[in-house]
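Next up: some structures, all given as structure tokens.
Shared between the two complexes below is chain A, which has chain B as its partner in the first and chain C in the second.
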Partner chain A sequence: MGKKLLLANDHVPGIQSYEVYRKHGGYASVEKAIKTMKPEEVVEEVKKSGLRGRGGAGFPTGMKWSFLAKPEGVARYLVCNADESEPGTFKDRYLMSRIPHILIEGMITSSFALGANTSYIYIRGEYYYVAQILEKAIAEAYANGWLGKNILGSDYSLDLYVQVGGGAYICGEETALLESLEGKRGNPRIKPPFPAIAGLYGCPTVVNNVETIAAVVPIVNDGGDAYAAIGIGKSSGTKLISASGHINKPGVYEIEMGITVEDFIYSDEYCGGILNGKKLKAVVAGGSSVPVLPADLIITTANGEKRLMSYESLADGGFATGTMLGSGGFIVMDETTNIVENLHTFARFYHHESCGQCSPCREGTGWMEKILHKILDGHGTLEDVDLLWEIQRKIEGNTICPLGDAAAWPVASAIRHFRHEFEEFVKNPNGIKKVKHYESTQNLVTA
Partner chain B sequence: MEKKEIKFNEETMALVNNMISRYPEGKHKSALLPILHLAQAEFDGWLSPEVMDYVASILSIQKIEVYEVASFYSMYNLQPVGNCLLEVCRTSSCWLRGANEIVEHIEKKLGIKEGETTADGMFTLKTVECLGSCGTAPMMMCGAQFHENLNFQKVDTIIEKLKADGKRKTYLDEVVVNHY
Partner chain C sequence: MAKVTIDGKTIEVADGTTILQAARMIGPDVAPPTMCYYSKLKTSGGYCRTCLVEVSKGSEKDPRPMPKLVASCRTTVMDGMEVKNNDSEKVTEARKGVVEFLLLNHPLDCPVCDQAGECHLQDLSYEHGSAKTRTDFERRTFEKIDIGPYVQLHMNRCILCYRCVKVANQITDGRVHGVINRGDHSEISTYVEEAIDNDFSGNVIDVCPVGALTDKTFRFKSRVWFTKPVDAHRNCDKCSGKVVLWYKGEDVLRVTGRKDQWGEVEEFICNTCRFETKKTSDWTIEGPRKLDNHSVISANHYEFLKKPKELTINTVKPLAIEGGNN
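And now, the complex of A and B:
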């Protein structure tokens, strides 16, 4: 069994409640930080831990924290990104609904480190019931003196609030999230300025993923060095992986970084192998935005080394033969899977979720969805496959926020590794199983 | 639907004020998204222009500021919907585990197409993007309740239960938390 830091107690009955969480050592990091450490010392431990953002980009958290501007007399904010909408990702929901207090505890310790006196958890609207669980946990934390004025008799005060979103993937992008938190449309902002300088209400702000904030708890409790000793190289610590698709045991697994992908897919401790004894065809390893890899390349790198569950190993080979750890949304496809059709679900998703500010993304995502639809409908041509390639190439790198890239990469990788499947569809349209393709539904939201 | 006066009841108004109190002075517009959820739940499951104007007046902001937000986010309905809005996820992980078949099954069972409402106003069927329940696919949501690991039989049971209950489901409902 690998080491567990976040989910160590997830099967303890009643762990959702304050009493049980506290009995199992909960809120120790707040006590330690506020009573025995200076805020800078907490930041230093996080730096030492090597913790990298768990929301997808993997940016070193300690470094991000040290960029936070601290002008005199200006409020600073910590905002937790609980928008979790990347297809294939459901770890934050699991963590928040199972052990809500670990997020609250992490928010308090992190807010103390950053000198924030008001913090927000922005959660996607579809997780309304999870927001209620958090609200309850926050109320318990207030009632027990962990939140509010002069926490533990110190001069540090903190208010913590939850805000629910309205249903929009783009609000996971940190500047779109801040716009949404200000009560506006979720249009990403042009950067710079970065949130560390001008974020919520124009004030210095740190935005971190749920899992990142929760990881601060064991880091402060056991020290940054102890955290850094877990995992492999620059991928320190543990990672929550959301496993879904054609596997025997879908679910959320806390892994120690550095286990092999093969072990993760086939061992009974994790995914338990492919459903119905079928063969593995492909994996999307880090949420819908990362490149899809065929079975051979996900199990071993192009150099013939065993691929590991870590930032570096999954990225080995660049986009030619590698992928990314991303959000840890691990989608497994068996040998019967139609790659083009799966890609169509992603293309439709990005088209639906584009905020529409940049033409390459707004138009390009629509084109890609339509062309894939056309191919699946049996009317595609070989030129369409080339056109798809051209469109994705023109979106990538030419947009305000990374959603454009995220829409381009799945298309590029599917063509790169499975071009023959697109061509088969085009050459042999009669061979296509009659399938129904649902268009993007805007029907209920157009006035 | 009988015409009712557009005004939050006292309990909701207290919640609205609680929302507004969460933000710094002068930043009360931040409460817009949560208040729109409260409004949709209280006023028949959708945001009519009158309801949106009412929300604008509560927050002392321009009406257009409410319209532009309500039309941006997918959870706000700008047209009436049935008592039970069935939102079926059809993105990759759910598609891999049979989401299209679930949608077809519901269409047949209710005699409506995706995007339509049954004649009795009980059900509206909508397909949506990933709801963060990919490990328990296929899934759908009705009100705040996630229905996971669906199969045809399970869908039938859910629909029968919703019918028997007859009440409008909202995102603010209490839910049964199903820990997989």
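And now, the complex of A and C:
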């Protein structure tokens, strides 16, 4: 069994409630931080831990925290990003609904470290029931003196609020999130300035993912060095992986960074192998935005080394033969999967979720979806495949926020690794139409 | 002060100047095209991506090139920065892409559009686009909307530059105008059609780079290139009263603000001057308007046309970039 830091007590009955959580060592990090540490010391531990942001980009958390501007007399904010909308990602929901107090505890300890006296958890509208679980946990934390004025008799005070969003993927982008939190339309801001300088209400702000903030709890409890000792190289600690698709045991797994991808897919501890004994065809390893890899490249790198579940190993080979750990949304596809159809589903999503501020993403996402639809409909041409390639290239890197890249990468990787499937579709539309999957797409498209 | 080199031409500018402003100071040869930036509107720019440039050297201190193309209207210069605009193949490529995206859902109804001849999208496509379209999908369509008695919104033509939204936010009272929906379904809306009712609402027409917001009092009266622009002023208690009258024969067909070589109005004017003062006797005539901007309308109709190359360094003092979106 791998080491578990966040889900260690997941099996404990009643762990959702304050009493049980507290009995199992809950809120120790708050006590330790407030009673025995200076805020800078907490930041130092987080730096030592090597923790990297779990929201997708993998930016070192300690470094992000130390960038936070601290002008005199200006409020600072910590905002937790619980918008979790990346297709294939559902780890934050699991953690928040099973062990809500670990997030509350992490928020208090992290807010203390950053000197924030008001903090927010921004959660997507579709997670309304989770928001209610969090509200209850927050009420319990207030009732037990972990939130509010003068926590544990210190001069540190903190108010924590949950804000439910309207339900938009783009509101997970940190500056769109801040706009939305301010009550405006959720459009990403043009950077600079970055949130660390001018974030919520123009004040210095840190935005972190749910899992990132929860990881601060074991880091403060056991020390940054202990956390850094887990995992591999610059991918320290544990990571929650949302495993879905054609596997025997879909679900959320906490893994030690550095286990092999093969082990993750096939061992009984994790995914338990491919459903119905079928063959593995492809994996989207880090949520819909990251490049899809065919079976051979996800199991071993282009150099023939075993691929590991870590930031570095998954990225090995760049986009030519590698991918990204991303948010840890691990989507497994077996040999029956139609890659073009899968890509169309993703493209439809990005088209639907583009905020529409910048022209390449606003127009390009819709265009790519239409072309994919055309190909699936049996009317595509070989030029259409080249055009798709061209469009994604013109979007990537040219937009305000990374949603443009996120829309481009799946298209690029599908064509890079599965071009033959597109060509088959184009050359033999009738043959493809007989595939049963095609029927399901038809229904989706017209629905 | 910061020294910046754009397409091989060097200029020294104040700290905080954007690449675009510096390029405009050097002159139109090196100035990237803009569809959303408007120096008189705070927080404008960043949306259309036509002004993307390549930063081949970040600064004297940190000479590394920037990894991506950057929006020149939203990126401030650093001392020693080197920028490629026309000299960069990457920029030419990306810009061509942007033009294609902007035209993807555009109705291309120039023959019946009042903006034709002074449309920035026409100019942009002509200079940076390609002659052929690669899409045969149906374009998105919207119903035309009357925004009050004077302005019509033709959403099909909108490129979502957000300029009119910023005009509504910044120079008219109260927020009445914004963007609803998302992605390529986004639409400019007043929420309530009648809601733009304000002394300065007509300025949305002048800032609109395309024919999405047009002057209803000028609708279908004439192609702009058949009208003659004349500078004129009047005593106005609401605005400077400095305008351009567009004549056909003896009749003033329309009144607009005075636009500089970048297509931006020098000053915003009020609705009384724009819509309700259309007799020659209302105005003191100054003389023919020189059209500096390089555009279809200035192609060969006016003998006093200057070619962009001969223009002197521009002296506009644009607003500083500020944070936030609105």
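Quick note on the criterion: the second predicted complex is superposed on the first by the 433 of 447 C-alpha atoms of A that agree within 3 Å, B and C clash if a C-alpha of one lies under 4 Å from a C-alpha of the other, contacts with A are read in each partner's own complex, and residues count from 1 in each chain.
We take it that a contact is a pair of C-beta atoms (placed from the backbone, for glycine too) under 8 Å apart; a residue touches a chain by one contact, two chains touch by 3 or more.
Model, not experiment: these values are computed from the prediction.
Participant: On chain A, which partner touches more residues: chain B or chain C?
Facilitator: Of chain B and chain C, more residues of chain A lie in contact with B.
Participant: State whether A:202 touches chain B only (first), chain C only (second), both chains, or neither.
Facilitator: second
Participant: For A:168 in the superposed arrangement: first (chain B), second (chain C), both or neither?
Facilitator: Once the two structures are laid over each other on A, A:168 reaches both partners.
Participant: In the overlay, answer first, second, both or neither for which of chain B and chain C A:352 touches.
Facilitator: After superposing on A, A:352 lies in contact with both chain B and chain C.
Participant: Touching A:190 in the superposition: chain B (first), chain C (second), both, neither?
Facilitator: second
Participant: Based on the A-chain superposition described above, do chain B and chain C contact any of the same residues on chain A, and if so which?
Facilitator: In chain A, residues 168, 184-185, 352-353, 355 are touched by chain B and also by chain C.
Participant: Help me check something: in the complex, which residues belonging to chain B touch chain A?
Facilitator: Going by the criterion above, the answer is residues 22, 24, 27, 29-34, 36-37, 49, 65, 67-69, 71-79, 81, 90-93, 95-97, 100, 103-104, 114-115, 124, 126-137, 141, 144-146, 171-172, 174-175, 177, 179-180.
Participant: Which positions of chain A touch chain C when the two form their complex?
Facilitator: Going through chain A, the ones touching chain C are 168, 170, 179, 184-185, 187, 189-190, 193, 198, 202, 351-360, 362-367, 370, 387, 393-395, 397-400.
Participant: Quick one: in the complex, what on chain C touches chain A?
Facilitator: 45-50, 52, 67-69, 71, 74, 93-94, 97-98, 100-102, 104-105, 134-135, 137, 159-160, 162, 178-179, 181-186, 323-326
Participant: What residues of chain A sit close enough to touch chain B in their complex?
Facilitator: By the definition above, chain A touches chain B via 75, 84-90, 92-93, 97-98, 118, 124-129, 132-133, 161, 163-169, 180-186, 201, 242-246, 250-252, 284, 288, 329, 331, 333, 337, 341-342, 345-346, 348-349, 352-353, 355, 435-436, 438, 441, 443-447.
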